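Order of writing sets the chain letters: A, B, C and D. Residues in each chain are counted from 1.
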Amino acid sequence: MNKITILIHCNDRPNIIASVTNFIAHQNGNIVYIDQHVDREQNIFFMRLESEFGSKSFSTEAFKEAFKDVLADKFDMKWRIYSSEKKPKMALFISKYDHCLYDLLGRYNSGELNLEIPFIISNHNDLKSIADNFKIPFFHVPVTKDTKNEAENEQLRLLEEHGIDFIVLARYMQIVSPKLIDKYDNKIINIHHSFLPAFVGAKPYHSAYKRGVKIIGATSHYVTEELDAGPIIEQDVTRVTHAHSIPDLIAKGRDLEKIVLANAVKLHAERKVMVYNNKTVIFS
Amino acid sequence: MNKITILIHCNDRPNIIASVTNFIAHQNGNIVYIDQHVDREQNIFFMRLESEFGSKSFSTEAFKEAFKDVLADKFDMKWRIYSSEKKPKMALFISKYDHCLYDLLGRYNSGELNLEIPFIISNHNDLKSIADNFKIPFFHVPVTKDTKNEAENEQLRLLEEHGIDFIVLARYMQIVSPKLIDKYDNKIINIHHSFLPAFVGAKPYHSAYKRGVKIIGATSHYVTEELDAGPIIEQDVTRVTHAHSIPDLIAKGRDLEKIVLANAVKLHAERKVMVYNNKTVIFS
Amino acid sequence: MNKITILIHCNDRPNIIASVTNFIAHQNGNIVYIDQHVDREQNIFFMRLESEFGSKSFSTEAFKEAFKDVLADKFDMKWRIYSSEKKPKMALFISKYDHCLYDLLGRYNSGELNLEIPFIISNHNDLKSIADNFKIPFFHVPVTKDTKNEAENEQLRLLEEHGIDFIVLARYMQIVSPKLIDKYDNKIINIHHSFLPAFVGAKPYHSAYKRGVKIIGATSHYVTEELDAGPIIEQDVTRVTHAHSIPDLIAKGRDLEKIVLANAVKLHAERKVMVYNNKTVIFS
Amino acid sequence: MNKITILIHCNDRPNIIASVTNFIAHQNGNIVYIDQHVDREQNIFFMRLESEFGSKSFSTEAFKEAFKDVLADKFDMKWRIYSSEKKPKMALFISKYDHCLYDLLGRYNSGELNLEIPFIISNHNDLKSIADNFKIPFFHVPVTKDTKNEAENEQLRLLEEHGIDFIVLARYMQIVSPKLIDKYDNKIINIHHSFLPAFVGAKPYHSAYKRGVKIIGATSHYVTEELDAGPIIEQDVTRVTHAHSIPDLIAKGRDLEKIVLANAVKLHAERKVMVYNNKTVIFS
C-alpha cells in the first residue's frame, strides 16, 4: 500500500476540492484525510490531503507528473507531494544548552518523531557526549568572526552530503546567514524564548522580568532574515508571579522551549505546515 | 446565494469523499468547507461540509432528495442537511443561578450566537426580570414532586408550539425526564460543574475541595438518562490551591461554566457536533 | 471584631517581620494572614498582613498613629492601612462595548465583588439602559476635541463628589489625561486586548492576525502616561489557529478581557496589589 | 551564614505568628520568608518559614531543642526543621518507561534540582544504560510474585544504607507494599497518568479515550495504601480532540507526566509541601 501526502495552495475559485478528489479517484486512490482552509481576505485556498494507492504499479513520480499536467497547471497551484516511505532528514544545530537536545533525542529514541537525524552540528564541543550516548554523529564546527564564512561552507557541505531536508536550531546561539536561509527557505526551525512578537532578540527572560509580565512564553518559528520575525509555527505560555526571579523564569521557560520546539518539529516532519505571507497554516 | 451544511457518518470505505464532492459538483455547488474524521477502531467515517449554490432554482428539499437517492442509500449514510437560512431555535431552562443566563443573553444580544431564543422556562420566578430586560418571553413552570408530570407536559407543549430545535439547561436544577430526553435526543445541552468523569452528581465543588485537587473544571455534555454521563461537547479547567475555600471554588467555577456552556452552545448551533458511541466529533 | 489590612514596603533589613508582628501582638491584635516578598535585586521588602482586634476600644486611627510612630518611621516604610469595614468605591468608565460592563455588573449583583459602584460614566449614551437595569447612576459625559478639558473637569467633580477610590476603564475608548492619572496614581485600571508588551496601541487583534500568532491575550494594568506601559496586574491568553478570522479573535478576546479585568478589579479591591518600579507584587 | 526552614502545623489560636517570629528574633535569626495558611473548616494553622542566623556559634540541633521547649510544646505543634546545608536524598524507582527518567536526570544534571540521587532501582534492566550515562548507581531488583517480599527487603536495605529521604516512582509499574508506605509516610511520590480522581487505576488513557473527554491530565501524589487516592501534590492537563488516538493521548500525556512529576519533586525537595487530612498545603 502506497501512501502520499499532498499540500496545495492557490487562488481560491470554485470546484478545486471536487477537481482534486476526482483526480485522485481516477488514479484509483482512496483519500484517508482531507483538510482545507481559505484565507478570505487574501482569497487563497489551502489543502492537505493524504491518499492511499493499492495498485502495485503505483509510482509517486508518475502521480506527480499527472497531477501537474491535469490539476496544478490548470489551477496555477503551488504544490508538494510526499511519499510516506521517505522520512524527512533533520539536522540539529546546538551550542551549549542541553535541554532541547535531550528532549528531542529522547523523543527520537522512543519513536515519537517520524524523521531521521543524520547528524548534529555544534559550534562548541560541550554536548558531544550526549550525541555519543544517543549514537548520533556529531560535528564540531566552531564559528568565530574570522571563520564565519568558512564555517558556513562546512555546514552547507555537511547538509548537502547527508541530503538534509530541514534544520532545527535547538538553542543554537549563532545568527544564521542569508545564504543558509535562502537555501533552506521555511526549512530552518528556531525556538525563541518569548511569546513573540514580545521580547524580540537577546535576553527575553530578563526583559520579561523587567516589564513585570504575569505570563512568559516560547515561540517556534521559521527563520527569515529579520530576527525573530519569521512565520510562527507554535507557541505556548506559563504563568509567573512577582516571586519568580530571572533564574526561575529561565527554568520555567526551559519546559516551554522543549515542548514548543518538539511540537513544531513534529508538525513540520509530518508535513502539516504551510507558509504564506509570513504566517503558517497548520493542518493538525 | 444558497448555503447548506451537510453532516454525514457511515461505515468507512473507499471513495466516500470523492463521491460526495463529485455529487456536489454535479449539483453546481461549490464546496467552501470540508472536514472529515475516521474512527479507525470502529471503522466509522464522519464528514462535515459546507457548500454554496448560486443557481436561483436551487431548492434545499430537492437537493436532499437527490442526496438521499444518489449517495446516502448507496453508502448507508446517516446524514443531516441544514440550510444556513434557518437559524436553530434554542429554549433556555433555568432555575436560580443567573451567571450562565447573563452570559448567554449578553452574547445573544451582541450577535455572537447564530440562533434564536423563543423563550426561557424556569421552575422559579427569581430571574424573570433578567428575561424581561433582554425582552425574551419567560414561562414559569414550577416543578414539585406531585406536579412533575404536568410540568413536563407543559414544557413539551411550549417546546413544540415554538418549534424548538434544542434545549440548554443553564444550571437548571431539575433532573430532566426520559420522555424529554427521548424526544430531544442529543439536543439537550447541560453544564456540569466539574471535569467529568470526576465528581459526578451533586456538589462537585465540595467534593473537589475534600479531595484536595489542584485543578477544577466544568463540562458541557448532551443529556442522557444516566446522570452526567452523556457525550462531552466541551470542557475547561482552572488552577486552584489549598488557599481556596469552597466559596472560592464556586466563584472560580462560575467563570468556567459560562465559557464552557457558551462554547458548547455555539458548536451545536453551528452544526459542528456529531455524536456516536456516547462521544462527540467536533468539527471546529 | 475589627479587622484591618496592612500593606508595607521599605528597604529590606533584618527583623522587619518580627518587629511588625510584635507590634501587633502588643496592640492585642491577632494576625490572620501574613505574606511577604523581597525583591533581592532591588533589596526591597514587601508585606501584606491582615489582623483582627477584639477590643471594643480599638480605633483604626489610633492604630495608624501608633504604627507610624513605632514602626513606619523607624524602618522608613511606605505603608497603607485599611479597615475592612470600608468597602472601596469604584467608578466605571465605559463607551460602547458592553461585554466587560455586563460581566462586572453581573458579578457585582451576585455579591462576588467586595466594593461599591457609585456611578458609571460614559462618553456615549448607548449603554445607559444596562446601567438602568442594574440601578447604577449613569452620567453621560461626552468627549470631543473641543470639550475634552471641560469633560475631564466634570469627571473629576463626579469622582470627588462620590469619594471614588479607584477607576476602572471597562473598554473606555478615550485616552485618559495626565491630570486624572496624577490624581489617581495606580488607581486607574485599564483592560488592554493583547498580552502586553506585544501589540501596544490600537487594533491589537488586527495586528495579532497579521503576525500570525498562535496565542492571543488580554492584560489589565494600571494606567500611566505612557500608553499601555503601566504596571501589569493580570494577564491571560487563549489559543487561536489560522482558521480564526479577525472577528473570531475579537469574539474569543472578549472572554479573556472580561475575566482578566474582573480578576484585576478583585485583586485591587481586596488590597492585594502593591506597585513599585512599574511592576506589581500580587499577594493572592 | 546558617539557613533553616521551619514547617509547623497545629490547631489555630491567637498569637502563633507573633510567638514564632518573636522566638526567632530572640535567637538572633532574620526571617527571609514567611507564609501561612489557616484551614477555617478544620481550624488548623500551617506555617512555613525560612530564617538566617549569622552567628558562628549557631547550631541547628540547639535551635531545635529551644524551639521544642519554648514553642512547640506550648502550642502543641507538629513541626519539622531542616538545615539548608543538607540536601534531601531521593531514590528513583523505575521500570521500562524512560521519559520521566530522562527528564528528571536532565534537570538533575543541569542543577535545577536541589537534591541528591544516590541510586536508581528498577525491576527491569532495560534502562540501565541511561543510569550509566548519567553516572548514577543502578540496582536491578526484579519483582515476581514469589520474590516480592525478598525484593522489598532488598529495596529497604538499599534505602536505609544510603540514608534515603524520599522515593520517586517514575512510572514504576509495581504496587508498593504497606511496609514501604508505612516507613516512608508521605515520602513516596507517584505520577499517575490522569487528572485524579478521574480514571483511577490501570490504563487511564484508554478510559479517557472511551469516555471521549476533551482534556487529559496527569497527577503527582503521595502514595497511600488506597490506590491513586493519596494527597495530591501537583496536576496539569492538556486539550485533546476526537482526532487523537490512544497512542496520541499516550504521547501527549508523556509531556504532562514529565512536568507534573518534576514539579512535585521540586516542591517536596524544597520542603514546600505539608500534608493533612489526605490533602496538601503547598507553600510555593
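Everything that follows uses one rule, which is that a residue touches a chain if its C-beta (ideal position, glycine included) is under 8 Å from a C-beta of that chain, and two chains touch if they have at least 3 such contacts.
For clarity, every value in this text was computed on a predicted model and none was experimentally measured.
A.B. asks: Give me the chains shared as neighbours by subunit A and subunit B.
C.D. replies: Both-contact set = C, D.
A.B. asks: Once you count every C-beta pair in contact for both, which comes out on top, B-C or A-C?
C.D. replies: So, comparing the two chain pairs, more contacts are at A-C.
A.B. asks: Subunit C and subunit D share one sequence, so how far apart are they rotationally when you fit their Cα atoms? Give it in degrees, rounded to a multiple of 5.
C.D. replies: My answer is 180 degrees for the C-alpha fit.
A.B. asks: In terms of residue numbering, is the interface formed by subunit A and subunit D classified as same (over half shared) or different (under half shared)?
C.D. replies: Here the answer is same, because the shared fraction of interface numbers exceeds one half.
A.B. asks: Please identify the chain with the largest separation between its CA centroid and the CA centroid of subunit C.
C.D. replies: Most remote chain from subunit C, centroid-wise, comes out as A.
A.B. asks: Distance-wise, how many Å sit between the C-alpha centres of subunit B and subunit C, to the nearest whole number?
C.D. replies: 37
A.B. asks: With chain centres defined as C-alpha means, what is the inter-centre distance between subunit A and subunit C in Å?
C.D. replies: Whole-Å distance between the two chain centres: 42.
A.B. asks: Touching subunit A in the complex: which residues of subunit D?
C.D. replies: Contacts found on subunit D: 98-99, 102-103, 106, 109-110, 112, 133, 251, 254-255, 259, 262.
A.B. asks: In the complex formed with subunit B, which residues of subunit D make contact?
C.D. replies: 37, 39-40, 195-199, 211-215, 217, 231-237, 241-243, 245, 277-282
A.B. asks: Going by the contact rule set out above, which residues of subunit D touch subunit C in the complex?
C.D. replies: Listed in rising order, the residues of subunit D that touch subunit C are 14-15, 17-19, 21-22, 24-25, 30-36, 38.
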